[in-house]
Amino acid sequence: MQVLLDALLAAWQLIISGDPDLYTIIGLTLRVTGSALFFAVLFGLPLGVVLGLRNREMKLGCLTPLINTGMGLPPVVAGLLVFILLSNQGVLGNLQWLFTPKAMIVAQTFIAWPLVVGLSMTAIRNVDDQLALQLRSLGATRWQLAMALVQEARLGIMAAIIAAFGRIIAEVGAVILVGGNIAGETRVLTTAIVLETRKGEFGLALALGIILLLLALLANIGLHRLQGAE
Amino acid sequence: MQVLLDALLAAWQLIISGDPDLYTIIGLTLRVTGSALFFAVLFGLPLGVVLGLRNREMKLGCLTPLINTGMGLPPVVAGLLVFILLSNQGVLGNLQWLFTPKAMIVAQTFIAWPLVVGLSMTAIRNVDDQLALQLRSLGATRWQLAMALVQEARLGIMAAIIAAFGRIIAEVGAVILVGGNIAGETRVLTTAIVLETRKGEFGLALALGIILLLLALLANIGLHRLQGAE
Amino acid sequence: MLELNAISKTFDSKQVLRAVSLSVAEGEIVTLLGPSGCGKSTLLQIIAGLMQPDAGDVQWDNQPLVSVPPHLRNFGLMFQDYALFPHKSVAENVAFGLKTAKKTAVEQKTRITEMLQLVGLSGFEDRDVNTLSGGEQQRVALARSLAPQPKLLMLDEPLGALDRALRETLLDELRQILRSLGQTTIYVTHDQEEAFAISDRMLIMNAGEIVQAGPPQHVYATPNSEFTARFLGFSNVFSGVVSGDGVQTDFAELAVDTALLTGAVTKVLIRPEQAQLSDSTGIPGVVTDVSFRGATTRLRIDANGAHLDFELIDLPDIAVGDDVRIVPSKVQVIAN
Amino acid sequence: MLELNAISKTFDSKQVLRAVSLSVAEGEIVTLLGPSGCGKSTLLQIIAGLMQPDAGDVQWDNQPLVSVPPHLRNFGLMFQDYALFPHKSVAENVAFGLKTAKKTAVEQKTRITEMLQLVGLSGFEDRDVNTLSGGEQQRVALARSLAPQPKLLMLDEPLGALDRALRETLLDELRQILRSLGQTTIYVTHDQEEAFAISDRMLIMNAGEIVQAGPPQHVYATPNSEFTARFLGFSNVFSGVVSGDGVQTDFAELAVDTALLTGAVTKVLIRPEQAQLSDSTGIPGVVTDVSFRGATTRLRIDANGAHLDFELIDLPDIAVGDDVRIVPSKVQVIAN
C-alpha cells in the first residue's frame, strides 16, 4: 500500500506545483484530441445528418453495417492502417507525418469519425417521425425540415461528439503506433502513462492517470446529463 | 497503395497457412480475455443483479457514480493501478505475476468488472416495474421475484457480457503495461500489432488486425442482434 | 373546394384505397369514420401531398394538385400524438407555420396571441410545452395548425390519445373553434360518437372504400349495410327471408316498413333503443344479462339462440333467467 | 370478507388516504370510482400488502392482515398495462401464480387449460404473448390473475389502455367471467360507464375519501354532492336560495321535491335527460349549441348567463340562436 500512497502524494505535488513536463503532455493531448475531434465533426456531422434524413425514408443498404464496423474498429487497427498510409512506402509517405502530432491527429480523426457519423445519424433518426410529417404539412421546405430536425436532435448530436471525445482521449494503441512516444513531441497522456510506469515513475504516471481519469469522467458526466435532459 | 496490397496478401497467406506465431498469439488472446471475462462475470453479475433489484426500491446514493466512474475508467489507468499493485513494492508483489498472462487477466478483469456490474444492474432495472408488483401479488417470494426478473433481463445481461468482451479484447494500454509484450508469453493481438507494425512487418500486423477486427465485429453484431431481439 | 376523383393506392400488393371519390365544400366539416386499416390516414396523406396516389386526381377549386409539393398546398394536418417541438416554447411551436410562410415578426406575434386566445391558452406564450398537460399540448398543436390559416385542415384521430372526460371537453371546444372560423375540415376517427358530434357530413369507410355518406342523423337513422350498422354499435342484425308481410328470422317474424319481394333473403336491424316489454305479444326470450349504463339499461335476451340487445329507459325489475316478451317498435331492412 | 378500518396514508406530507373504511362481502364486485390522484391505486396496494398504511387496519374474515406478506395473502392484482412476461408463452405466463403456489405440473396444465377456456383463448397455450393483440394480452393477464383462485381480485384500470370498442366487448366478458366464478372483486376505474356496468356497489372517491357509496342505480339517480354529480357527467349544477315552494336560481325558480328551510342556500341538479321543450312555460333561453350524439341530441342553452345542457330524444328542428323554453321535469337538491 505504501508505494501507492507515496505515488499519490508525488502525483499531487506534481499537479499543484505545475510541473512543466506534466503540463506539456496535457497541452499536447488536448491539442491532438481537440484537432481530431474538430476534423471528425467537420467531415462526420454533415454526413451523419444527411444519412439520418435519408434513413427516415429508405433503408440505407450496406451503409449501416459499414458505419457500425467503423464504430467498432479497434483503435490499434486504425493506428496500423494510418501507419501504413504514412510510412515511407505509403501513399502519404512524402508528407513525413509519421511520428509527429499530425499523424496522431489523423489516427484519432479516423477513430472518431465513424462514431460522429453513426451517432448523429441515429440522433436525427430518433426525432419523432410524425413531427417531420407535421412540419412538412406546415409548409416546411426540405431545407427548413432538415434544419428543424437538426435543432431537435441537438442533444443527441452533442452526445455523439462527447462520446467521440471520450473514446479518443483514453485511447493508447493508435497514438503509440503512429506517434512513437517521443518526449516533448508526441507524448500524450496515455502513452506517457505507459512509459513512466515502465520507468517506475509511479508518481508522474499517477498524476497523468488522474488527469486522464478526470477528463474521461467529465465526458461521462456530460453524456449522462445530456441523456437525462432528453 | 502497393504496400497495403502486399501486406494484405501476406496477411491472407499467414492466416490460411496456419502460421504458428499467429495462432499462438490468437490462442493467448482468447485465453486471457476469456479468463478475464469469466472472473468479471463471476464477481460482477451477482452484484449487478442485487444492485438492480435494490435500485428498484431506493436510490443507491454514491454507488451509482462510483460504478459509472469504473465504467468510464481509461484502461491505461486500470493497467497502471494493477502494475503498482503487482510491482515488487506492491501489496501483491510477492506473487511475481507482473509480465505474465496472470497480470493481464487481472488487469482485464479490472476493466471488464464495472461494465458487467453497471450494465447488468441497468438491465434488471429496466424490467417493467409493474411486472415486479404483479409477480409479488401472484405470490412470488423475494427469491422467486429475483429469479423471474433475471430471466426477463437475460438479453440485457448477455449484452452486458458481450460489451465487456468487446471492450477488453480491443484494449492495448493495460496489457502492454502489465504484460510487457514478451513474444510467445504475453503477446496478445493488440500488443503484437503494435510491435509488428514498428518492426515493419505489415503483413503479420495486418493479419493480426484482421483477426482482431473480426472478433470485435462479432461482438458488435451480437450486441445488435440482442438489442433487436428486445 | 376539395375534390378527389377515383383515388387508388396499393402498398406491397395490398390495395389500401379503391377508387375513392369525395368532395368537401368550403366551410364544411367532413368526417372519415372507419376501423383502423380502412385507408383513412392514407387518404389524408395523399390529400396533404405527403404521398402520391397510384391513380385518380386531387383538385382544389378545379386546379389539379398532384404536382404541387406539400409546402405549397397550405393544407394543415394534425395528428393524434401532437408532434410538438418538445424543447421549444408554446409561442415557438405555434410560430413554425408562420415562419415558413415568411410572416414578419410582428405579424407572427399578433397571430400567435390570436391563436392562443382562440384555443383558450392566452398568456401561455413562454411556457415550455413539456410542462403542459395532454389536453393543453393538443390545444397548442391545434393553434399551430390553424395559425397559417390553412385552406383545409385535416385532423387525424386528434383526440385518440386522451381519456374520455378530456376527450369530450376538447371535442366541444374543437367544434366551436372550427365552426366559429368556418374552417373547412376533414376529421378522421374510428369513434362514432366523435363523428356524430362534430360532422356536417360523415363518410363511412371500409377496406379502402366509402360505403355510406350523409349527415350524421341520416347515417345513424338508416345504416345501409351490416358493416355500417355494426360499426355504429348496432349488434341486432339478423338474416331472414321475406314472407307475406314481414321478414321471417330464426326467432320471429318481424314486420318491416319496406316493400320487398317475397322469398328474397335479406338482413334486418332491430333498433335497440326502440322496444318495450310486453306480457302477451312480441318476441319470446330469456334474459341473459342486465347491465346498468346510466341513462339506460342494457338488456340482453336469448331468443331461440339469437342474442338481442336492447337499451331501455326505466326498465322494470328484471333478473337474469327471467322469461320475457319484447316488442321491437322499429325494424329496418338493410340492403344486402 | 375484506374490511378496512380508517386507513390513512401520507406521502411527502401529502395525505393520500384519509381514514378510509370499507368492506367487501364474498362474491361482491365493488368499484372504486374517482379521478386520478384520488388515492384509489394506493388503497389497492395497501390491500395487496405491497405498501403499509400509516394508520388503520386491514382484515380478512376478522383476521388482521398487516403482518401478512403479500405472497401469503392470496390476493390477485391486475394492472392497466398487462405486465406480462414478454418473452414467455401464454401458458408460461398463466402458470406463474400456480408455480409459486407449488402446484404439480399436472395441476398446472389442467388449470391453465381451464383458465384459457374461461377467457376465450382455448388453444393459445404455446403462443408467444408478443404476437397477441392488446385485447388478447389483457385476457392472458386476467387468466394469470385468476389461475391461483385468489380470495380477492383487484383490477386497477384494467381496460384503460384499450380503445372504446374493445373496452366495451371486454367489459362484458369480464362481468360474465367474474359473476360466473362468484369472484370477490375490487375494480378501480375513473370511467363512470365501466363502473355502472360492472358493479354491485360503487364507492366514489375524492381526495383520499369515500364521498358516496351505493348500488350504481342509486348513485346515478341521487348523487349527494356537486363533486359526484359533476364526476358522473352532470354539468347542470347550480346554486340557489330556498324560497316558498322551490329554489330560486339566477335564471329561474325551480320546483324541487324536497322540503327545505326557506332562505337557506343550496345546490340543485337539473337532470339533463328529463326535460322537454315548451311554447309557453319553462326556463327561457337561447340555444348556443346543438350536438348530435346518436340516440340523443345534446342541446346547450344560455339562460340568463347560465349554461344548461340537455340530452333529448327526438328533438324538433332547432338551430343555434333560437329562443326556446324548456321545462325540466326533475330537479334534485344535492346537499351542500
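Some notes on this structure:
Residue numbering begins at 1 within each chain, and the chains themselves are lettered A, B, C and D in the order written.
Simple rule for what comes next: contacts are C-beta pairs under 8 Å (C-beta built on N, C-alpha and C of every residue); 3 or more make two chains touch, one makes a residue touch a chain.
This one's a predicted model, so the numbers in the text were calculated from it and none came from an experiment.
Steps from chain B to chain C, minimised over paths through touching chains, total 2.
Work out the mean CA point of chain A and of chain D, and you get 57 Å between them.
Rounded to whole angstrom, the centroid-to-centroid distance between chain A and chain B, based on C-alpha atoms, equals 20 Å. Shown here, the protein chains touch around one cycle, each chain meeting exactly two partners.
Chain pairs that touch one another: A-B, A-C, B-D, C-D.
Remark: chain C residues 160, 163-165, 172, 175-176, 190-193, 196-197, 216-217, 220, 232-233, 273, 289, 291-296, 311 touch chain D in the complex. On chain C, the positions that touch chain A within their shared complex are 45, 48, 50, 70-72, 74-79, 81, 83-87, 96-97, 100-101, 144-145, 148, 154.
Across the interface of their complex, chain B is touched by residues 1-4, 7, 68-69, 71-77, 79-81, 83-85, 87, 89-91, 166, 169-170, 172-173, 176-177, 190, 193-194, 197-198, 200, 202, 205-206, 209, 212-213, 216-217, 219-220, 224 of chain A. Of all residues in chain B, those touching chain D in their complex are 128, 130-131, 133-141, 144, 148, 152, 155.
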